[in-house]
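Think of it as A, B, C and D in the order they're written, each chain with its own count starting at 1.
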């Protein structure tokens, strides 16, 4: 069985953007951030250029256009954040769980990502092609998988590649209780010794790096059969339907 | 803008398994199958060895063990189907929508895939690592995205890689109405001329091929930071938590 | 503050059907059943006629017709189970969680309930009008709310009334671990001392009884503005759209 | 078959609050509002006091406390909106669909409703007991049921009663296309002649009225077996678990 002692590649040309969708602006402590820092540390140890942004420190206007100031908003910090999204090879969204759902802030971020889905890259593919995405979720009692379903769905639908096991998180037993990283009476901190949470966060991180490496080396997703403008121009790439021309 | 006239690679060493989770056994017509055949035809044109299985033609026993005959079931066709899953580089699940959800049969298939999640490959990774997955959904009125969320989530959680835009489907306007492929009064067939459905099915298919090619050429997902047995043996792959050893 | 010492009514004319959607046929122990028994005991103490059915002890054929033997199935136990559904004032579905979703068996039961959605009662309302529904969910780590969302949605969409807080369940901390009722090392049983689980199960049970009482005393949901045949015959009940007649 | 010519009761003592969770502040046209107005008109014709609020006309601060100005927010319009929620017997949330999900604004509203879930009424029940809730959803192609699942789940979990068929909406065929109420080339408006949408919206509206009438006449949900403070004080209401006292 292969258990290599060193990573199979270098990752120090990669950029990763971590967007924390906690409802709390800085400098309030964020349980979600505490977990995100685990993944960030692994990437940083490999030389990845990691940026962490807290969405509620910005003013992301509601709407589905790239720049809402062109549609009546007084201010919109999305265009600047989108520059960071565009430069990043890896995007990790972090979100708390409220009533079993991702935060409204996380939905806001995804709505704005979606607003750019008309953008095409130089190959006529959606702009997010060639990037990889993952999600980290924290709550006190329920909902990691449900939240991850929606976030990862959105990312892949927009063009991100989702590596194996690209979600991780922590929740406690059903009912009210401590959140990730809260100090417990005995000096331990909630979730820090949860093997499942720590292992999955680690595996997610490495799988993001592996796929990002692979895609970057390949120059993105091969441009064939997935170019929006080629399709619009009538190319069909072996699509068989005789009635559909 | 690059619009290559030919695919960037050959795919004739790949195998693809399409599992149709319609509630209807053969030979009843299946709307879902009609859409799946679009994707299958594109792959077949590239020489991919395509297998189509209808789950309700088999007896997949309820349960979460690899072989339910060892747990009291009189018969279980899952072990044979799993052999096909294991040999396939690409897995596409197709499902109808009932009351906004995937079919019970689709859930059954996913439960049985999950039953094998303890299997590890020769690198100590989950057995589904290195494979790619997608989903095709048909209904008459609502639910493609919701169904796709759950199916793609399960696939990536099990170890599949999810390429960009790995879901496609067809639904009609809200309320009762024709299903995919039903003959309409005017000789047309429902959904056959839906640009969104046909384009997304095509893009999904090619993205599955591109990622399957890439992963096969790389020998799977690099085995580092994601080996279950290495983690169990204490390796931590730059995991930073000083309290977590 | 009002804290009455006795229930405000009698409930001994009510019938409740509990359908356990575990993947395991009898007599295998079911964690879900252990929780369902809490709710059943409260109802039984009030004289409610309680029936508990394990779906996997029956053969519920796949399909969306009331009797699948008329559509090729060799056997179908649904028609008999539906008689019990029809007689019950209260329906509680219990389900385990697999990969964050309700069991395939639970989906099968809902598909068959849906198959009867064309049935109308004597007022021309959907047949499930006047009944109340709830859900109990057990798993080892995640998904009560997500599963409850789907089940309660289906029930209300079919015509059930959903009382306040009609869902309850138990899950443990993220990751593998004991299921509801499993014996822990120290003699305790998982979830038995979880205040949230036990309280919510109790509240759910009483709210089902309160609403069932209210609806039975009222002769069901008043038959006005919700009669499918009246609508089909052209009645519009103050619907305002001048273009829609 | 009973088809009464007049409503079975009067409803002019009821209040209904419709919260439109479109991403667009007034006076931008809202497709969701166009559908909500159907329900509102039916209620108004019965003398119900109807209020329509567009959430994005307000500043609802992110967070899960009743008044976020006490937690650092410069402004928070939630406390004033909550007064309207508290006075209303009926709450209808309206939301558009983005990428298959409810709007971020809708999630924000639900988070703030949740922030009040510690409030108890004079019987020691959750403050939302005795109220009824429903949801209206519009999009151009997919997601009514998925969105309704989450919204109705939240409402019942908070204490609202969900009547039969308390969701309605409109979407068009898969892919880009007109939204509800958009003018089509032929003078028609999208969805106005959709029988399913108009019927379900009507049935939802009447079922909200019927249940609101019933609950108001009963003085709310009977206060037994569901009082948070009674439970906290040790009352168990026939809960059977000998180990749980």
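Descriptive notes on the structure:
Heads up, the rule we're going with is that contacts are C-beta pairs under 8 Å (C-beta built on N, C-alpha and C of every residue); 3 or more make two chains touch, one makes a residue touch a chain.
All values reported here derive from a predicted model rather than from experimental measurement.
The chains that touch both subunit A and subunit B are C, D. Among the pairs C-D and A-C, the greater number of C-beta contacts is found at C-D.
In summary, the pair subunit B and subunit C forms a contact in which both copies contribute largely the same residue numbers, shared numbers making up over half of all those used. With centres defined as mean CA coordinates, subunit C is found 31 Å away from subunit B. Distance between chain centres (mean CA atoms), subunit C to subunit D: 22 Å. Centre to centre, using the average C-alpha position, subunit A and subunit C are separated by 36 Å.
Under the contact definition stated at the top, the residues of subunit A that touch 2 or more other chains are 99-100, 145, 149-150, 153, 157.
If you check the complex, the residues on subunit A that touch subunit D are 23-25, 28, 56, 62-64, 72, 98-105, 107-108, 110-111, 114, 150, 153-154, 157.
Interface residues of subunit D facing subunit C in the complex, by the touch rule stated above, are 1-4, 6-9, 37-38, 41-42, 45-46, 122-124, 126, 128-129, 145, 148-150, 152-153, 156-167, 188-189, 192-193, 198-199, 201-203, 205-207, 209-211, 213-215, 218, 221-231, 235-241, 243-244. The touching residues of subunit A, counted against subunit C in their complex, run 99-100, 141-146, 149, 169-176, 191, 194-197.
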